[in-house]
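In this document, chain identifiers A, B, C and D correspond to the written order of the chains, with residue numbering beginning at 1 in each.
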Amino acid sequence: MLNVTVWNENRHEKHNPKVSQIYPNGIHGTIAKFLAEDGHKVNTATLDEVDHGLSNKVLENTEVLLWWGHLAHGEVKDEIVEKVKQRVLDGMGLIVLHSAHFSKIFKTLMGTTCDLKWREADDLERLWVIDPSHPIVEGIGEYIELEKEEMYGEHFDIPAPDELVFTSWFEGGEVFRSGCTYQRGRGKIFYFRPGHETYATYHNKEIQTVIKNAVKWASPTKFAKPAYGNAKALEEIKAKETV
Amino acid sequence: MLNVTVWNENRHEKHNPKVSQIYPNGIHGTIAKFLAEDGHKVNTATLDEVDHGLSNKVLENTEVLLWWGHLAHGEVKDEIVEKVKQRVLDGMGLIVLHSAHFSKIFKTLMGTTCDLKWREADDLERLWVIDPSHPIVEGIGEYIELEKEEMYGEHFDIPAPDELVFTSWFEGGEVFRSGCTYQRGRGKIFYFRPGHETYATYHNKEIQTVIKNAVKWASPTKFAKPAYGNAKALEEIKAKETV
Amino acid sequence: MLNVTVWNENRHEKHNPKVSQIYPNGIHGTIAKFLAEDGHKVNTATLDEVDHGLSNKVLENTEVLLWWGHLAHGEVKDEIVEKVKQRVLDGMGLIVLHSAHFSKIFKTLMGTTCDLKWREADDLERLWVIDPSHPIVEGIGEYIELEKEEMYGEHFDIPAPDELVFTSWFEGGEVFRSGCTYQRGRGKIFYFRPGHETYATYHNKEIQTVIKNAVKWASPTKFAKPAYGNAKALEEIKAKETV
Amino acid sequence: MLNVTVWNENRHEKHNPKVSQIYPNGIHGTIAKFLAEDGHKVNTATLDEVDHGLSNKVLENTEVLLWWGHLAHGEVKDEIVEKVKQRVLDGMGLIVLHSAHFSKIFKTLMGTTCDLKWREADDLERLWVIDPSHPIVEGIGEYIELEKEEMYGEHFDIPAPDELVFTSWFEGGEVFRSGCTYQRGRGKIFYFRPGHETYATYHNKEIQTVIKNAVKWASPTKFAKPAYGNAKALEEIKAKETV
């Protein structure tokens, strides 16, 4: 059982009936539901709440944070991003979903533009498992097929992932590193590509399995913050004459 | 032959006679000299120049940039850091030296705090070669021994390097990942630990060999910027009925 | 609860009273005890048993295998090594301890000589945590100090580990990548350096914690063997005229 | 200028007129030609020569070896494979082409089965550049398109590459890590997927550019073999009472 917070921009849901039909309780609502069913204590938070729903107390209590954003990355306050970053470096897991590749939090943790190719054209997407030993792929098959999705294509401007878990094939001719892990400070990060708002992707059972696995994988390691700064010698240092 | 710019904060040299005695032309002057002798066209730039000596023209012409800073990271203007970052992502090589682990440019490219342990106590440092296949170690021995250096110790809060080239042993009991490579965008980055201002480290021939090798290794790859953004399909996408 | 097998050469224990005094039930006995106390179902196996104690049935039932060997790597039968390798590639976790760096199973999985420097001289060893996010370091401090150990020094001729978890400092002046993870096939491997037979290393509580964590980390991922070989197209391939 | 040896099984060329028409001088002849034009001193060697054309003298003089095999991996003598492996670990570059994924030399260096999916069905292959900073992609575009090729699909049972340079899209619905680098010992290895014998792939100018770049990238680093085995302490070790 982990304390999980699902963050969602929650704007498409308000203005696009197609989206609110697929996700009547918001993308965050759907994700929160299947994570709660997996035994976690799940909280949701959205852009338009005070501090985007991410008060110090909420962040301190969150062990794994999921992030979905698209239209309004620029509206996320820098001081909140900074706090989330600090929490990740201090051990909170972070699951970055789909268009959150362009979120401030992902870009500042990656140090690159996180840019990519994209197309909204009902491409078939097939996510191939690249690392069959990884706990994130437990319980799924060799690939996940999504009949229609937005296309994201290489080059994806990210640091080489620590572990490449999935690579997507798209009907229109592109490939994409669609499941990537990163370690930053004491925190673990998983980027997972699928989840365009106009498709029912987060209702897909295999996609849900991957996200459930990722939450467990990203849970914080109990390890005290290392000591940084000026350090006393642990061994004697011999006095030396300058040559 | 590469167009190389050696950037130095150049403050210790102005105020600390011990430093100016070791580096009468500044740390940048010493580094520039041995790189010029290696056949490169070398320029220097320092903090107190207009735009820190890093005008658009200088940056555009620089193929590999070396960076040394310590006291005054905070005085480096954010807009210059942003321009340097963009150049690295566009292919310019970056060699980050010693205390520049805390420079704005390194921290923003890494996405972590880049914090570490340190001690000024005349530790002996021994840099062991971890990757003997790497072009950066060509022409040196199994390890480089520096009789006295500042200590930097783990935990070093960086992303796991793409390639770990050196690990240091310190007399006082610590270890440190002292030679680390990273790919970011189209650019290559090398962090190299040694070089405290009160020691003659950059006069050491093996240290010079490593830096010369690193400059060659970091030279830009001739590769056009990938196309990002909306992309036409390369293959036909079948019309599908929604299930 | 995992099905764990602790394999030990068990030769030093028979001939060297110093070793049998430290490990009256063998190195395997000591390791098996603390793993059983951690809730696992633990079996032991040794070189001089039939098939080295690694029958097909034992291997099939083993979820994580620990391996300690030193004097008699050459006596391990190639067909048993081949079976262990196949099990690792099929998902069984493997924890390779100390002098097993030169075991047939580790060398065949690594593809390199796995050679290193060594010295039996009562060096102090300090294992520094390099990756504080890794589940293998949960519950320990910034470093583990072993008052006396055999020294292993770089260059360690292994493939660059997928994750570098520990690096050791040795009193005599060397460093060593002493905690390394690898993914091979569907299996997870952890190499952990300490454990020379004449020291009480496996009685050390922090060393025990690391090994307990490693066993959990290496547990098999439930994922069916991918299909290899000739594959039918999942999408239609257009007939093309040769240009 | 490097001393390059192009090794080819050279069996398809003898028995299949379709192949000998495309490669009248053998696959090795075509590759040798464009590498010689790039300024290298190029030698060829084939399976049916004495020692497969790989005498000690040839191997000692080879700085980069290219390897193409398919039908007759089993006929390559184990002692020759062992010698080639030792040369790679000692610094010789190795370029493994297409169906040589199943060669003894690649499998023994990788430690895994190197198995994959395959199909001969005139799939279109599009090799996307994943790492635009890598010297191996210099001078090519965002992707290389091959109108018809054999398909190789994931899961490809290899260790996670040190650097992932290319990923292929196949018309029939698969993806593949088609350009992978590895460091082993002092040697550098590049696996490059395309090159089925019944297609004119090695006549493709972009494919030739990649192979030329790879040869340069894989050139040996001048670095003496590290000392392995028993090592004297570099620092004094204090006598300690056993606790």
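Here is the rule we use: a residue touches a chain if its C-beta (ideal position, glycine included) is under 8 Å from a C-beta of that chain, and two chains touch if they have at least 3 such contacts.
In this text the structure is predicted, and so the values were computed from the model without any measurement.
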Pair exhibiting more inter-chain C-beta contacts, A-B or A-C: A-B
Turn needed to bring chain B onto chain C - CA fit, degrees, nearest 5: 180
Chain B and chain C, separation of their C-alpha mean positions in angstrom: 36
Between chain C and chain A, distance of the C-alpha-averaged centres to the nearest whole Å: 31
Centroid spacing, where centroids are CA-atom means, of chain A and chain B in whole angstrom: 30
Residues within chain C bordering two or more other chains: 126, 129, 131-132, 142, 153-155, 160, 162-163, 171, 173-174, 183-185, 226-227, 234-235
For the chain D and chain C complex, residues of the former touching the latter: 89, 108-113, 115-119, 121-124, 147-148, 151, 153-155, 157, 159-160, 162, 171-174, 182-185, 226-235, 237-240, 242-243
Contacting residues of chain B [partner chain D, same complex]: 91, 126, 129, 131-135, 137-142, 162-163, 171, 183-188, 221-224, 226-227, 234-235
Chain B to chain C touching residues, read off their complex: 126, 128-132, 142, 153-155, 160, 163-164, 167-170, 173-175, 177
